[in-house]
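We just call them A, B and C in the order they show up, numbering each chain from 1.
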């Protein structure tokens, strides 16, 4: 049919126009929105690309989505910060090996007026208990992301059953880190955020960091090559060279050198046992 | 090479055209011959326009037959044409509209522009050839429609109230073109409600009333002594136009 | 805002990519949609009315749904995974084309259908076939079609759901205006997001203004 033929020709043209510039020398990395929004990739990747000529294309999603993407074989490397989920990924045979890379931390953001009286505390669990008992407004990401999972783990550790204790004070927004921060800013609410996104966030309103430094707030990143045995299209060599660079002294130094407003966001720890 | 058989005479046999239970054409049988200019007259709602369209092939009768002496070749150039009350022209130049019709008539590309210009000259539009057809005046547009017909040189031309929307001056010009077409050999079948025009242009009159053909009379005699009482009433102006 | 005004090369790249993708989608969409719409308008066949209803309904296809379906098709785990075009501009063109073709077809069907009522008797009288009538009408209605084509472009250029899913919003590769706006919004950089939004709006408005001028002059010339 004439129409079908025309459509096919048009499609070929489109492919030609765009395909012409497609080189094979790139990898697809599935990572998280919070990592991308921290600006780390904008700083880090050009260094790697200049050195090896391998373009790194980052698709930024929630942790769960990133791992799902990899399970479908649509990514070569996975770079997230949810250890339990990563271990499961490995156990399912989807990844080859997990390398710890760096950690950043979460901070408790809240209004400067601090209705729950938690500012300056070094104990996140105490702070959360106070927020719940004063029913101060609290924004949760509610999107099954790494940050959300970390938040739920902390509630569990306080002994509070957050599902039961949820009231009007607890806002489950189902959003990414940025939008959740926007919501918290407009509502003057408390919120658990990763330091990177907070430092890059411009719309702070009346919010500030109130609690930080508690070891329980540390957020470990791991990187894995997607298993080429399960997904033959995975670019094994390029992917592995990216991983090798991330954990190399050069890559680790680059991570440490990334700063916002003079502040370091990510702390390289590839050599740390048990990370 | 043998000349093709003439399309005419056109024979209608017990033609009926019904919409639902209403019979707009109620059993018309007539033989339309080559030669005289045929005018179809009748009051509003008599079915004149429908009858014309059935003859031209735009409508299929619900019952009865419409038979040309020699059938047109399917997919070939049309040997009959029709001009409507409001001319339908494409968004092209006047010349372009005529060459389009010539293209449909399978006229070779090289000949089209020349034949189109000749047709425009015949209707007095040769100065407006490059003008957009749709910005021409009503009279000019109808003349263009007739130029389109000229270029096609059909054997039969059906016209459905061609001057009803025009002022007397423009109407007169159209009548002259129709007369010229007839002189050049095209059979004219004209529907009009303008009795003066019917008198000027007609050789014979078919009088239609409520879907029936009541009378077929040479034009001169019709206007002086119509044979049916309905026709007489019509001419006296008692029946609506 | 300074970035916006200073024509930052990255920004220029994003704008150009957006235009390339949407314009390509419109071209392909027109090549398919306009003839299909015209064909449906001038032909009669069983199921025609149902087809028109479906076509009109498809105008409201949610972009995320299209994105999801195309993603599932192009994913390595999907039937067309071996093409390897997921997360490339080509995939985005495909998604946008699927999104706007029903609109182009449905609206051209409407416009050609209305004109067919007007032209039908005369064209048939001259010996035009249905097959020939469709392109003749499309050309005659070219100025009305400009509006339709612009509607298609507007939908393509402003959608974010489909291109986000099948493109991945990869910096420097598949980041377009709408996904860049979404990203900056979620980063809380509202001024930048708004700035990008204004650029997009300006482009679409400029195109519409240009088309309006073309139409008006044409209307006066051709009637």
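In this text, contacts are C-beta pairs under 8 Å (C-beta built on N, C-alpha and C of every residue); 3 or more make two chains touch, one makes a residue touch a chain.
These numbers come from a predicted model, not from an experiment.
Touching chain A and chain C together: no chain. Central chain by Cα centroid: C, whose mean Cα position is closest to the mean of all protein Cα atoms.
For chain A, the chain with the farthest CA centroid is B. The mean-CA centres of chain A and chain C are about 34 angstrom from one another, to the nearest whole unit.
With centres defined as mean CA coordinates, chain B is found 79 Å away from chain A. Chain B and chain C have CA centres that are 45 Å apart. Of all residues in chain C, only 118-119, 121-129, 132, 136, 140-143, 220-223 touch chain B in the complex they form.
Those residues of chain C whose C-beta lies close enough to touch chain A in the complex are 20, 24, 27-28, 31-32, 35-36, 75-78, 81-82, 84-90, 93-94, 168-171, 173, 183, 185-191. Across the complex, chain C is touched by residues 53, 56, 58, 75, 77-78, 81-82, 84, 87-88, 90-92, 100-101, 104-105, 132-135, 148, 152 of chain B.
The residues of chain A lying in touch with chain C in their complex are 2-3, 6-7, 10-11, 14-15, 17-19, 22, 28, 33, 37, 41-42, 55, 57-60, 71-74, 175-179, 181-182, 185, 197, 200-203, 231, 233.
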